[in-house]
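Below: a set of structures, written as structure tokens.
The following pair of complexes shares a single chain, chain A, combined with chain B in the former and chain C in the latter.
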Partner chain A sequence: MNLRAIGALISKDFFLFFRNRFFALMTALGIFFYLAIYFLMPSSVDETLVIGLYAPVMPPAFELTEEEGLEFQMAESEVALKEAVIEGEYLAGIALPADIMDRFASGQKPRVNVYFASSVPEEMKDGVVVLIEELAYQETGLGLEASEPEILGPDMMGMQIPPRDRMRPLFAVFIMLFEVFGLAVLISEEVERRTIQALLVTPMTLKDLFAAKGAVGMTLAFGQAVLFMGIVGGMSQQPLIILATLLLGGVLVTGVGFLLAALGKDMMSVMGWFVIALVILVIPSFGVVFPGTVSGWAKVIPSYYLVDTVHRVSNFGAGWGDIGYNLLILLGFAVALVWIGIIALRRKLQ
Partner chain B sequence: MAHDAIVAEELTYSYGELVAVDHISFHVAEGEILGFLGPNGAGKTTTVKMLTGLLKPKAGKAVLLGMDVAGNVEKVQGDIGVCFEDTNLYEQMSAVENLKLFARLFGIRPFDANALLKRVGLAGREKDRVETYSKGLKQRLMVARSMVNRPRVLFLDEPTAGLDPTSAEAIRNIILEERERGATVFLTTHDMLEADKLSDRVAFMNQGKIVALDTPHNLKQQYGKRALKAKIAARNGELEDREITLDTPETPQAIRELFDQEKVVTVHSEEASLEDIFIRLTGRGLYG
Partner chain C sequence: MSLKRVGILLGKEFWQSPKNFIFVWALAGPIILSLVVSLAFGTLFTDKPKLGIMDEGSSQLVTMFKQSTSVITKEYGSISEIRQAVESGAVDIGMVLPHDFDGSVTRGEEIEVTAYVWGESLAKNRIILEVTILNLVRELAGHEAPVEIVAITLGGDVSVPWSDRLLPFIVLMTIFMGGLLLPGMSVINEKEKKTLEGLVVTPATIGDVFVAKGLLGVSLSLFMGVAILVLNQAFGAEPGILLLVLALGAIMAAELGLLLGALVKDTTTLFAVWKFGGILLFGPALLYMFPEIPEWIGKIFPTYYFIQPIVEISQGSGGWADVATNVFILVALDLILIAVVAFALRRTQQHAV
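Let's turn to the complex of A and B:
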């Protein structure tokens, strides 16, 4: 290894990276943008379900239920209730008839109108209907005698992860990938403009070149991700594990950067391949942001182990024992991708 | 007696089925300028790539400064300078930044970029970004970059192609200065006049083979056709051209008849150019 040449090339690449207004702006504004989104998002989760209620007469069961994570907000009329539901102020709107207590007393079934906005999921609608039926049973003395609820595993009541913390792994992957896009463009421009030939007729070898480019990619991706995670408090729990994970993530995306550079001929084609890579690699993040949306097959995507580890460690304080297996797989994927990227790039250069 | 700076022995390279360089052998002495001529696709650039360690020969070997290139690429590359045909500078950097980068790659310390830039006529523009330079200025910078490490062997691929006469002349002078310093120059060019003027010897390459290699004078003697060209006044008053080939048994008689029977207006002798010789040897021109 020619350390002198590697150092010279690293300095040159950073110099060119930040002299390129697009990349300089993308790097500076990118992290600012993600930080801004993060801090604008709610920092806590409100677990109370707010349901609008129009009740000329309030049955006692409805008043009791308010203590159990449900909040009833009273509407002045059934029309006002409908409008509020449409506006999204309530999850659902329940309109009780004026003679509800009389009907209960006479053993008749009162007719209750329930309103939902069109965007409310089907299971939520079913849940509200079941709730009304249960309240009616309670009102008539036929409520089920359920035991005290027993939570199997850690009780997450009141510990739900705020949306912005769920987004943290997604932002970290985005930041890393955008930085290696810059690396891929730098490499493809070296090839396109043939400056690489000028480098390779100096005492610098291809190995030195890959070492220098790898160091640049790693520094950009890892550095930015660490900065982001540090600012948003993602390293408050198990900072060493987070650093190790981001380091492996940096190696992984550097391999992706090499592949992009090998596939692309110029900035536009690199961008095309980058978009494809980005779409694939962010899929596992959606599984964290929207639980249940991504199936088990996402585990074949290398970034899954980066996202999952960052999520579990930064949001649940998972330790080495919990995520050791993840890190091993991430290491395997990272080494494989760098190796494939180098082979592809070497073929292109020769 | 000068040692050989470059030795090519049965050097061969092929791209798949296409044989780009076909068992060529030659040597270049230290301090010599060798003009390497040939049309596009003749194999010149591939030869340069093998000599500079960018390509590994499929057969044969290249020896530079006594070292086998294949086994000593980095050592060899520390002693050579290469100026490519296509401009491949870092255009977002200034001339000084470009040169300093390469000085660091070669491990040259201390390095006076400004002195080198002054030598190639770029004083005053050294801090401007290369993207603002004209082609001539970029070419001067390319030549300067190839000299950063004071190379013992300088490879110049079409260094004056497409340049204005002033820039071209400036670069030719630098080549001669480098030779004076003791550097060996491997000059690839399409410009026959330039090759004739600068080169100690020239090699003609065609379809992967060297078809001739000698001094320009010897090549002209060996393959050239000397001729006497005259303009005579015809009976209708117009001028007609006559050409008499020299160095043949019939030449004296033909000259006598010309002056006895015709009214000669002008007469001059003409020597074969390198281009004529190349066409004669290969059946095609340099740009074909």
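Let's turn to the complex of A and C:
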């Protein structure tokens, strides 16, 4: 391999990539906006039902309710309760009648007013109504005992993953793919303008050429993904694993970039294939953002192993032993895609 | 400017454009996105807790859960399936009902029910599911609630489902994808292939070329805008005003596209601008997705004055009086953009000649 030629080609590609100052600025701004979206999203998950309660007489069942996820806040009067509901301080406001205990004791049904803001979804209203009924059952001694269920997976109650952290793998895949799109356009244009053929009549070999293009793709994809993950705290746990995963992800998307360049003739056709690749490779990220929506078949998509690893490591602190299998498969997919991409590009060049 | 030449050029644009990826994508993209949103996102973004049930017998409770409005119920055929569903987060709680569950409930016997909870399930979802399960079991046993609950709704704001919150984004994408990218791309392609200089030496002026390309963008995005509103059943109220606003939005998109076409050198840069500028164009959509964001932030974006009337009429049952100010601002923005495009065009003409 001719390292000098590879180095020269890498510098030329970077020069071409960022020759346009505006394009360079936009690339930087692209990262900035991904970061802005991340930091604008809520950093915590509100998993508690905050309910206002006006109770001239407090039934013990309401007093003893200390379940995680449910919080009663006392209101001074029914009017104050209603105002707080309208202001959105509470999901609902419960106004218990002064004679509630007497009515329970005499077997009569007390009438309870429950106030909701009109923006509260119907299902939440129904949920709160059912909750009050259940408390009333407990108050009248008709409580049912539920056995302890089995918790599957780590119990995250009280320490839920914020949506923005669930989106980190999605952002990483987006950043990597968009940068590789630029590389694919660069290569396809060189193929079309026959500058690559011109390069090959110099002492540079096809191997040198692919090494240089691969290095450019890797640096662009890996570098920006690392920068993003570093800033959003995605590397606060197991940074080495995250780096290794992003590195393999960089190789994977470089392979995709080679394939796109081989398939497309110009920017527009590369764009067409890129959209298809983007849609397919982004699917596993949705399984992380919206758990349960993507089933087992997503494991055939190479980016699944990138997304799953980033999610498990950055959000659950998984170690080498937990994700070693993922990294092996990711490596396999990355090598296979680069190899297929090189073969396709070589065929195109010939 | 010659209308005849503009017509001929427009005909050529209509003939050539369907071969262009952007044209196809501008037609197919919004429809696909709209279908995905209505099909998948209808339940994807819901706050309703999800319950999985595996019934070993034939309990009435399953039907009762399905009729319940406070939870989403999914049925599974085996214990392994329900475990897998809980582990993946497809449901918050999975419950296995044993044989003769209903009989045991009616007889008041103690029943052992296997239940699984997804570790990442929110505490509030767990509570709602727990009380819903207990409540329906009591209903099955024939118990009557010992309390009379009167639900009273306060205030005027209405809860907006996610499928509706995403509509502004879909409409903006529809209008600006075709309206902006198609003319912009078309001008840049001509510049890259040096055919623009060729056209200028014919009787057609550069103004004719730009108007023809702009009209193509306006027609496509207006057509798609109407199609998307119809598809989302949002075109019923005040179709005249909606059509007017869509047309003004399409004009704005085409003007921005032509401006980019005039200023940008190549396709790569156009997409770089799209990558960054997309945030500016689609910014107001975030306002509707997350109503907690103060409305004044939306007013910074020019596209706010296009999307606000659309949303106000199609989702808020508003009329002309509610949107007139923003429509006039939109008209003013369109006029300013025409002047800017004309200035940029003069510059392009100087370069082309």
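Basically, the second predicted complex is superposed on the first by the 251 of 350 C-alpha atoms of A that agree within 3 Å, B and C clash if a C-alpha of one lies under 4 Å from a C-alpha of the other, contacts with A are read in each partner's own complex, and residues count from 1 in each chain.
The criterion applied here is as follows: contacts are C-beta pairs under 8 Å (C-beta built on N, C-alpha and C of every residue); 3 or more make two chains touch, one makes a residue touch a chain.
Not measured: the values here are computed from a predicted model.
Engineer: In the three-chain superposition, say which chain, chain B or chain C, touches more residues of chain A.
Structural biologist: C
Engineer: Is A:Gln197 in contact with chain B, with chain C, with both, or with neither (first, second, both, neither)?
Structural biologist: first
Engineer: Which of the two partners, first being chain B and second being chain C, lies in contact with A:Gly30: first, second, both, or neither?
Structural biologist: Touch status of A:Gly30: second partner only.
Engineer: A:Ala8 contacts which: chain B (first), chain C (second), both, neither?
Structural biologist: It touches chain B, and chain C stays clear.
Engineer: With the two complexes superposed on chain A, say which partner A:Leu327 touches: chain B (first), chain C (second), both, or neither.
Structural biologist: Touch partners of A:Leu327: none, neither chain B nor chain C.
Engineer: Considering only touches as defined above, state whether A:Ile86 meets chain B (first), chain C (second), both or neither.
Structural biologist: A:Ile86: touches chain C, not chain B.
Engineer: When the two structures are overlaid on chain A, which partner does A:Ile340 contact: first (chain B), second (chain C), both, or neither?
Structural biologist: neither
Engineer: Would you please give the residues of chain A that touch chain B in one complex and also touch chain C in the other complex?
Structural biologist: 20
Engineer: Would you tell me which residues of chain A are touching chain C in their complex?
Structural biologist: Per the stated touch rule, the residues are 20, 22-23, 26-27, 29-30, 33, 45, 47-49, 67-70, 82, 85-86, 104, 109-127, 129-134, 136-137, 139-140, 142, 144, 146-147, 149-158, 160-161, 178, 182, 185, 267-269, 271-272, 275, 290-293, 295.
Engineer: In their complex, what parts of chain C are in touch with chain A?
Structural biologist: 20-22, 25, 40, 44, 46-50, 68-71, 83, 85-91, 93, 112-128, 130-135, 137-138, 143, 145-159, 185, 265-269, 271-273, 275-276, 279
Engineer: Would you tell me which residues of chain A are touching chain B in their complex?
Structural biologist: Listed in rising order, the residues of chain A that touch chain B are 2, 4-5, 7-9, 11-12, 15-16, 19-20, 193-195, 197-205.
Engineer: Residues of chain B touching chain A in their complex?
Structural biologist: That would be residues 52-54, 73-75, 77-78, 80, 82, 84, 86, 88-93, 97, 101-102, 104-107, 145 of chain B.
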